[in-house]
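What follows is a pair of complexes built around subunit A, which joins subunit B in one and subunit C in the other.
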Partner chain A sequence: MAESQIVTPRPYARTSSAALPLFALAVILAALITLPFWATGYTQRSVLEFLYFLALAQAWNLMAGYAGMMSIGQQAFVGIGAYGLVVMAEDLGINPFLTVPLAAILAVILAVPVSWLLFRLKGAYFAVATWVIAETVRLTVNANIDWLGGGRGRTVRSLGQFDRHLREDLGYWVALALAIIAVFGVFFLLRSKTGLALQAIRDTENGARSVGVETRRTKRIVYLFAAAIAGATGALIYIVQINVRPDAAFSINWAAYVIFIVVIGGIGTIEGPILGTLVFFFLRDMLADLEAWSMLIFGLIAIMMMLFAPKGLWGLLNTHRPVLLFRTARRLPERFAAHKEGE
Partner chain B sequence: MVSAVTEVFTPLGPVLEARALTKRYGALTVNDAVSFSLAPGEALGVLGPNGAGKTTLLKMLAGSTAPSAGQVLYDGRDMSGLTEPARCRQGIVRTSQVPQPFEQISVWENVLTAAYHGGGHHGDAAEEVAYTALKRTGLLERHDEMAGALSLMGRKRLELSRALACEPKVLLLDEIAGGLTDFEVHDLVVLIQDIRTSGVSIIWIEHVVHALVAVVDRLIALDFGQLIAEGTPDEVMEGEAFKRAYFGQDAILEGAR
Partner chain C sequence: MIAMSTMLNGVLLGGLYALYGLGLSLTFGIMRTVNLAHGDIIVLATYLALITTQVLGLTPLMSLAVLVPVMFCIGYGLQRLILNRTLKDGMMPAVIITFGLSFVIQNGLLLGFSADRQVLRQGAIETMGVTLAPGVTIGVFPILTLAVLLVMIFALQAFMGRTLLGRAFRATSDDPATAELMGIDGKRIYGLAMGLSFAIIAVTGVVMGIRSNFSPFDGPARLIFAFEVIIIGGMGSIYGVLAGGLILGIAQTIGGAINPTFFQLAGHLVTLGILVVRPSGLFPETIERD
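On to the complex of A and B.
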C-alpha cells in the first residue's frame, strides 16, 4: 500500500549531482593551495584576508546561526590571539607561526570562564555582555598593561628573521589551513550527533531538551570552537600586519564585518558565509573611497537583508535553483529503504 | 532513609511518584500539593478543564519546569537535581501539547536526534531505533519531508515518534489526540495500547475521553490545580466533584432534577 511510496526524495536530493560539487571543490582547493606560485602579491594578500574573514564568518555562523548565541564580542578573542602572538613570539621566543595554534588554545582557556558568566544570560543580554567583556579587555590592555605597550601596542620584531616573501607565503598557507579547518570543521560537526543537536537547538531549544539534548554543553562546545578560530585568526592577522595595537586588535569591526558577511550570505548554512565573504570583499572594494560612510552603507544593506531576505543571498538563490555544495542532511539509510522496497 | 531502602527492594513500588507537587506563578497557584503515584506498567489518565494545571504537572514530572515545592520520585529516587535532558535519558519522556518539531530538518533527522541523545545510542543502533519508532507511528513514509511542512496530525505523530526513539520507561503524553479525526484517534489508541504492552508506564492527559478510557486503568482529575478525584474511570467520572468541575453547577442541578 503506502509502503511503496517509501522513497519520496526532497526536491534537491538528486544523488547523481553529488559528483559535480565535489569536483568543483577539488579544483578550487588545488587553485588555492598553489596560489602563491602563480598569483600576484596583491591577489595573494587579498585572498589571505578573504580566508581569515571566511574562517571568522563560519565560526560566528555556527555560534549565532545554529546555537542562537548572538555574540558581538568575538573581537575579544581576535585581540587575545594578537597579543598571544606578541607575548609568545617576543617574550617567550616561540616561532611566530607556531603561535597560531597556541593562540587558539589560549583563547579557549580564557573562553571557558567567560562562558560561565555569559551562559547565565539570554538573547539581547547575552549579546550586550559579549560586547561589554570585549570592551573591558580592550580598555584594560590599552591603559593599564605597560608590558603590552599600552595604547601604542607592540611590534612583532621576531618576524624580521623571515624573508618577506617566505613570511607572506607561510602566512597565506596558515590562513588557508585555518579556513579549511573552519569550513570542514563546521561541516563534519553538523553531520555528527552534535550537529543534529545544534540544528534542533536552532529550531526549538525546548524541543531539543525534551529529546535529551544537553543544550548547555552543546552551546559551550560551539562557543569554545568560535573562540579558538577567532584566537588563531588574531595571531595570523598580526603575523601579516606586524604591529599590534589594542584599538585595532580589539576593534568591534571584527565582529561587525563578520555579522554583515553572515547576514548577507545567509545565516544557518555553510554556503552562506562563503558567498557573504565574496560579496563583502566586492562591496568593500567598491565603497573604499567613501571611508566612514561605507560602514553606514554596510549597515543599511544588512538591515534591508534582514527585513526582506532573512535567509540571505544563499537563501534567495537556493529556492530557485537548488544546489548544495555541503550536504549536511542525514537521510534514511539505504538498508531500510531497500528492505521496504524489496518485499 | 528506611523508606528509601524498602522502596528499592519492593519490586512493585511505584515507578513514578509525585509528592505534594506545587507550582506557583506569583500569586497564582497552578498546582497545589498534588500527590499520586504510577505503578510499573500502569496507564494513568489525567482529566481536568482548561487551565486546571495538567500540562504544568507533566512539566514538573519531566523536569522542564521546577516545582515551587514538592518532589518527583523515579524508581524511588528523588529527581530534584536532574535536568530535563538527564531525566529524558533515564527514561522519563514527555511529549508537548503544542508540538515542537525541529522544523528545518527532516522527519528522519528529528527522530534520529532523539535516538542519539534521549536514547543514548551511537551509529547504526541509533538508526535502528529511529527507524523502528517511525515505523510504529506510521510516519516512516514521510521520513524525507521537512518537519516544518507537516500538518498538525503529522506533528503530533512526530512528537510521539521522537519520544519513542528516546526509549522511555515512563511516557508522559500531553493531548496527543487533540484535533485528530475519529479514525486517527482509533489508530492512536491501538498504538498507545501497544506501547503500554511493551512495558512502558504511561501518564496521558486527554480531553478525548473515550480514547483515554480505552487505554487507562486509572484516572486522576485536576481542577484549579488541585487533585479532586482519583480512581477507576467509572469512579472518577461518576463523582460529584468531577462533574462539577467539568460540567459546572448547572449540570449537577439538572442531573438532580
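On to the complex of A and C.
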C-alpha cells in the first residue's frame, strides 16, 4: 500500500528519434550474425576477440562504474571458466560448446563464497583482495593439482572432433551471443528496479542505503553477473585457443585490458565500453609489432584519460548534446521538476 | 634444527617483506588509496640504483645518498602534480592512474634494460653467513636488512608520534576536512607522505637488489607481498607492518618447507584467513572513514 505512494521515475519515453538507432542496431546485428558467411577468416577472428572483450568490459563496467566495486581480479573467473571447459569437455565428455553456459554457472557458484569475503572490504582493500584471490587460485591450479596439468596446463583434445571451420564459426556465434547477453543484460538490468538502486549506489552509497536501497544485495547481483560473464568468456577463449595454461588463463592482463577499454571509452555508461573496445582494437592493431610499447602507451592513455577526461571518450562526445543510444537515464516526474525550479 | 632454521629464515625473509610494506602502509594509512604501482616503483628504484652505481662508480649502499633524495622528489611530484588533481572523485582515479603507471614502468624498464635479470653488487657481504649451531647458518645481509627495517620503523614511529609534521600526518589521516580547518594544507601533507614513502622505497629497492636478482616484471609480486603485510598487520599501524612482515615470511617458509610449490600460496592463504577473521588486520590504527 505504501508502494502506491512511491513515484517511480520512468525510463525516457521512446520517441520517434529512437527509430533511427533501432534501425542501425538491427543492421549491425544482422551484419554480425551473418559475418562468417562473408568475411575473411582474419576478420572473423578479430571480431570474435572484439566480442569477448566487449562482454568482459560491459561486466566490469557494471561492477566498477555502477556498483563501485573496483575489481582487478576478474581473471580469477576467466581462468575458472577455462579450466571448467577442460574438465567438463575432457574428463566428463560434455560438448565443448555446451560448457560455455556451464562455465558461467560454475563461476557463479564459486563467486558466492568469494563475495562473502570480499563484501566485508571497502575501496582499495576490495581491489587488491580480488587480485590476491585470483593469484591464490592461479597458484593452486599452477602447482598443486596434477589432474589439471600443473604449470604446463592441458589441451582440449575433444575439440578435434569438429572441423576447423565449423569450430571457428560456432565459436564466433557463441562469442556474439555472449556479447549480446552482456550488453543487453546490462541494459535491461539498469532499466529495472535493481538498476535504479545501482544508479543510486553509484551516486552515493550511504545516501542510497538511507532511503532503503539494499546495497549489499544489489552489489551481490552485479558481482555474480560479472563472474558469470567472465566464466563464460574464459571457456569461450579456450575453445578458440585450445591450450589452457594457468599463467595465461589467470593473467592479470585480462583485468588490465578491460580496465583500459572501459577507462578509454567512458566508465559508468553502456556506450563507453563499446567505443572503448573499438578504440582499443584499433590501437592494438596499429601497435601490433611493438608489444612493450603498446602496453606502455595503454598505461599512459589510462593516466591521461583519468586526468583530463575522466568520463572517457563517450563523455567527451556527450559534453554538449547528450546522445542516448541506450536509454537508461531516468527523468523526475513533472511535479518534482517544477518544484525544483520554484526553489 | 630444521624447524629452527625454517623459522629463522622466515623471520629474515619477513624483514624484507616488512620493508616492502612500510612505504605502502604510510601512504595507504594517510591517503586511503592504494598505490598499485608500489611494487613497480620498488623495482624502478633498484634500476635507478643500478644506473647510479654504474655511472658514479658507487657501491649500491652508497648510492642511497643520491637515490633517497631523488626518489623523495619523484614521489612528491607524482602526488602533487598528478594524484592530487583527482582527490575529489574518490579513490577510483588514483587506483586507475597508479595501475596505468605500473604498466608504464614495467614496459619502460623492459625497453630500457631488456628482460635479462640483473643484480646489484655490494661485495663480500652478500654471501657472508653466521653459523649459529650445526646446520643453522644465516646470512649477514638478511640480518642487516632486519636491522635497517627496525631503525626505519622506530624512526618513523618517533616522527609520527613526536614531531609537529607527524601530528599533521595523523590528523590528515583521521579527518582531512577538520585538519584543513586547523590550518593544515592537506595536499602538501599528501605530497610529503608520498615523498617519504618513495624515500623508504629507495632503501627497499637497494636492499632487494642486493639480496636477489631482479627484472622489469618483478613489481606486481612485490605489491602483493606489501599489501599482504598491511592486511595482516592492520592499516596505518607501523608496528603492524613488522608483525605482518614476520607472519608472511614465516608462513611462506613453512609452506615452502612442506612443499616448494606451497611457498607463495601459504602466504596468500594466511592473508585470506586474516581477512576472514579480522578484516581490518591484527593491529589497525586508522579510523574508518569513507
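What we mean here is this: the second predicted complex is superposed on the first by the 314 of 343 C-alpha atoms of A that agree within 3 Å, B and C clash if a C-alpha of one lies under 4 Å from a C-alpha of the other, contacts with A are read in each partner's own complex, and residues count from 1 in each chain.
As a convention for this text, a contact is a pair of C-beta atoms (placed from the backbone, for glycine too) under 8 Å apart; a residue touches a chain by one contact, two chains touch by 3 or more.
Every value quoted in this text rests on a predicted model; they were computed, and no experiment measured them.
J.: Using the touch definition from the top, say if A:I33 reaches subunit B (first), subunit C (second), both or neither.
T.: So A:I33 meets neither subunit B nor subunit C here.
J.: Is A:A129 contacted by the first partner subunit B, the second partner subunit C, both or neither?
T.: second
J.: Looking at the overlay, does A:V279 come into contact with subunit B only (first), subunit C only (second), both, or neither?
T.: In the superposition, A:V279 touches no partner, neither subunit B nor subunit C.
J.: If we overlay the two complexes on their shared chain A, which of subunit B and subunit C does A:T215 touch? Say first, second, both or neither.
T.: First partner only, subunit B.
J.: Taking the superposition on A as described, I'd like to know which of subunit B and subunit C A:N206 touches: first, second, both or neither.
T.: So A:N206 meets both subunit B and subunit C here.
J.: Report the partner of subunit A that touches more of its residues: subunit B or subunit C.
T.: For subunit A, the partner with the higher number of touched residues is C.
J.: Residues on subunit A in contact with subunit B in one complex and with subunit C in the other?
T.: Correct list for subunit A: 206.
J.: Inside the complex, what are the residues of subunit A that reach subunit B?
T.: Counting only subunit A, the residues touching subunit B are 2-3, 5-10, 13, 193, 196-197, 199-200, 202-204, 206-215, 268, 329-333, 336, 340.
J.: So in the complex, which bits of subunit C are touching subunit A?
T.: 28, 32-34, 36, 82, 85-86, 89, 91-93, 95-97, 99-104, 106-108, 110-111, 220, 223-224, 227-228, 231, 235, 259, 261-262, 264-265, 268-269, 271-272, 275-276, 279, 290
J.: Would you pull the subunit B residues touching subunit A in the complex into a rising list?
T.: Per the touch definition, subunit B meets subunit A at residues 62, 64, 83-85, 88-89, 93-96, 100-106, 108-110, 112-114, 116-120, 122, 126-127, 131, 140-147, 162-163, 165-166.
J.: Report the residues of subunit A in contact with subunit C in the complex, numbered from low to high.
T.: Of all residues in subunit A, those touching subunit C are 64, 68, 70, 72, 117, 120-125, 127-129, 131-133, 135-136, 139-140, 142-144, 206, 252, 256, 259-260, 263, 267, 292-293, 295-296, 298-303, 306-307, 310.
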